Amino acid sequence: MLIDFLNALALIGNFVLVPGIAYGSQLALGALGVTMVYAVLRFSNFAHGETMSFGAMVTILVTWVLQARGIGLGPLPTALLALPIGMLATISLCVATDRLVYRYYREKKAVPVTYLIVSVGVLFFLSGLIRFIIGPKDQVFADGQRFIMKARAFKEMTGLDQGLAIKTSQGVTVISAIVIVALLFWFLNRTRTGKSMRAYSDNEDLALLSGINPERVVLITWIITGALAAIAGTLYGLDKGYKPFTYLGLVLPIFASAIVGGVGNPLGAIAGGFVIAFSELLVTFAYKRVVGYLTPGDWVPDGLVQLLSTDYKLAVSFFILVIVLLIKPTGIFSGKTL
Amino acid sequence: MSRSANNALLFAAMAVLLMLVGAMQSWNVALAILNMCLISAIMTLGVNIQWGYAGLFNAGVMGFTALGGLAAIVVSVAPVPAAWDAGGARAILGLLAGLATIAGGIWLWKKLPVPRTARIWLTVLLAVSGYGLMRLILDPAVDAIEAVEPAMTGFLGGFGLPIMFSWIVGGIFAAIVAWAIGKVALGLRSDYLAIATLGISEIIIYFLKNEDWLTRGVKNVNGLPRPVPYEIDLQEALWLHDLAAWVGIPVVEASSLIVKLNYAALFLVVLIAIFWLSERALKSPWGRMMRAIRDNEIAAGAMGKNVTGRHLQVFVLGSAVIGLAGAMLATLDGQFTPASYQPLRFTFLVWVMVIVGGSGNNLGSILGGFVIWFFWIEAEPIGLALMNFVTSGMALDSPLRLHLLENAAHTRLMTMGLVLLLVLRFSPRGLIPEVKR
Amino acid sequence: MTYLAGEGMCGGYGGVDILHQCSIGVDKGEVAVVVGPNGAGKSTAMKAVFGMLDLREGQVTMDGQDISHLKPEQRVQLGMGFVPQSANVFTSMTVEENLEMGAFIRRDDISETLSGVYELFPVLREKRSQLAGELSGGQRQQVAVGRALMTQPKVLMLDEPTAGVSPIVMDELFDRIIEVARTGIAILMVEQNARQALSIADRGYVLVQGRNRYTDTGAALLANVEVRKAFLGG
């Protein structure tokens, strides 16, 4: 009886819990970027997925160079070593885009939907640039040890029938996400500059009266956004493989995460990321074998006992988005400010 | 220069560009571009009704286009009797159960006289159980239908009607879905509407990709019937031989030109009709009110205009036009391939067309559709030629040169982004700006 | 020469003048109050002095220096503090963070100013780690004034500081404002509660339709029969 229960637990752990935590962390990091831009510049940045893709691309290119020279991190992916350069490149990209494109509309005090269309232009340009540089195909760049824990090792260790595997990329994702989020919150809540960003996001006019320089706040916002995007994009690529076109598809779950948590609120972005990730997995998980373990005897259901086919993952994030917009449009954490 | 002379010049320049392609590449290519330009122009008219008239940002163009494609299948493909026997009735029953659940849920949500929390839970309960019921009825039917000769059919087929009916049906499909989305999302802020429509369009594509019993999914539906003659039949006609001889081109080429011209004529008629209707609407009191709402929603609302209601109208109308164009697209392609619908191509490119052409101006939208589609196609050969020129100094086997040539096609995405950004910055009102009345 | 003075100011929004040859000013250690009926241009006059409104004519001087061309941020650097009428605190930040943000332009140690503000408004010390958005109206106004004081301004401008607070809180707030003035800061404020405000004013300005109607000490204006009849309800 207990064994069956533990087996069911391992099954859910392997197919929902572990991937959910990793995917949730990736979404949270992406949503943080969207939310920062929204809180300070007050528009929905449709190009954020491509920004993530750009960061991942640069990281991959640098990783290849390092790999070719035999430089690595042992069991950890070499991409981690290349990531700082990817971050720098993405930060430069964000700052350059702001200088060349967005600043003009800020000075003109354009309405949010204008920014949105402008970000579509940036989206086009970036997706072309990325495909031009690295091509539209899949790219492999993960190396090092593939697993922290293999399914078989888990089985041998516990004596259960069900294995629980943890990929290195998943471990790396979660640990980096924790570190990044801790750093970000420390920055926003403890440093003068961070507080001035929150103040600006809360009340632009009063921030001006307090002598806070808006251009500096915007610059720092893009620096953080670029860094976050590069990290999120690389981690996603490490975990799921890098394909340029998948990043446009990521925009929707990322926006859903940000809005569900309360757009503009960093805490909300993180919560939203996990809500979306786990909903997607829970709704599309086939409970067949879990039910088999939890019911007495050898009975196993005929069907997959799946609420929704895996193909509809995206629909889940969308439905949650719609429900939140209908019931509580401000999101879980009533966001609008940092 | 007067405005109309200016416009005429712009369209004349466009015609010259197309003729240049005809003369330099081939007339087949030129006509293929022209046909897609016409369809793109109809799509941009649809988006312009929403954006230009009412300021609604619809990021779900792709979804409505695909619904038009679905209509093409449902209307024109011959029914598959074996599939209907296997599970047709049951599938319809299942869908009805789904619809009943939705209707019941809405009724519960809106009408039930219980506290909010209880209402939320009751609605959720109903939704979950109704969904379960639908799946119980639908799943076996779907399995049965998809088991019927999966390599050949595996779906219900359609009604076997002439495909031109699907143009109207595509509009209706899109209108129904737009109505449902509008009901939910139109009260929201502009960027939420954009995100919501982006999401729903992705879901529509996922639906069309995965519900094989309806659309054959990624197995595609090929060989949709045509509203125009087939090349093979034309090639047997004597008059074509005479004509080809007289013009001095091979018969095969002549036949394909004639087919394309036929399409072009059909599309042109639709384009002119929709343009005429849109212009009428824009100049009517309704159009004036729409623009008043767009320019100052709060004031219009304060004057007693039903802003959300008008927005819903305009959203449904615009989407219907996009759906119609989607059905025309599937007709021209002669096939329905759900996997080919990409947001960059079908949503954002159409947006570039509208902005570049001139939002709020129907003529501008049409021109935008023409110009952008033209360069979307021609950017590839131009980009390749450019890369060949840039790399001409390099060694033939230089990896950089090979890479540049291989990826030259992607410069068109960059070009589109650049064009959009430049127009927004330096000529935000587009090639043919809105006429202030 | 008056320490801070807007003289002969003409200007408004969108080409329509609201102010016509309007002059207001205040000296160090003084309280100056601008009163008048609704739509008299009181707040506009304040904004003009603070540089949030482009002047068509006239000038603003501080310490004898012409500052008419400076942006509001630059005037803050020069030692002007401004408390807007509404949205005058960072609602999502704690009381202490609000005060810290007030001192954003300062690079020196702010702890002394901070404890000074807490002494002035003891309730703020109690609520230092509460979000400003959760405070009552009167406490919010204290945060707003405290925030402006954090820059150690030479001039403090208040736009209807007692709007929407109870009479008891209003009296207390006025007491605090007098205390602030005693430290040598010039205080220029616009007030709806004309009678109470004039009673603490060293200078009083009565504006009507963007023009100076009466200018005198607060006490003299309170004693003026015409002013009482027309603006103070008898």
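Here the chain labels run A, B and C in written order, and each chain numbers its own residues starting at 1.
Here, a contact is a pair of C-beta atoms (placed from the backbone, for glycine too) under 8 Å apart; a residue touches a chain by one contact, two chains touch by 3 or more.
Everything numeric in this text was worked out from a predicted model, so none of it was measured.
Q: In graph terms, nodes being chains and edges touches, is this line, ring, star, complete or other?
A: line
Q: Would you mind telling me which chain pair, A-B or A-C, is linked by more contacting C-beta pairs?
A: A-B
Q: Rounded to a whole Å, what is the gap between the Cα centroids of chain B and chain C?
A: 58
Q: Centre to centre, by mean C-alpha position, how many angstrom separate chain A and chain B?
A: 30
Q: When the centre of a chain is set as the mean of its C-alpha atoms, what distance in Å lies between chain A and chain C?
A: 47
Q: Taking each residue of chain A in turn, which ones touch at least two of the other chains?
A: None at all.
Q: Name the residues of chain C that each touch 2 or more other chains.
A: none
Q: Where in chain B do residues touch at least two different other chains?
A: As it turns out, chain B has no residue touching two or more other chains.
Q: How about chain C: which of its residues touch chain A in the complex?
A: 72-73, 76-77, 82, 84, 87-93, 97, 100-102, 104-105, 147-148, 151
Q: Which of the residues in chain A come into contact with chain C in the complex?
A: Against chain C, chain A makes touches at 192, 195-196, 198-199, 202-203, 205-213, 337-338.
Q: Per the contact definition, I'd like the list of chain A residues that touch chain B in the complex.
A: Touch list, chain A to chain B: 43-44, 46, 101, 104, 112-114, 116-118, 120-129, 131-133, 135-136, 245, 248-249, 251-252, 255-256, 259, 303, 307, 309, 311-312, 314-315, 317-318, 321-322, 325-327, 329.
Q: Chain A touches which residues of chain B in the complex?
A: Listed in rising order, the residues of chain B that touch chain A are 55, 57, 59, 120, 131, 139, 184-185, 188-192, 194-196, 198-200, 202-203, 206, 209-210, 342-344, 348, 351-352, 355, 406-407, 410-418, 420-421, 424-425.
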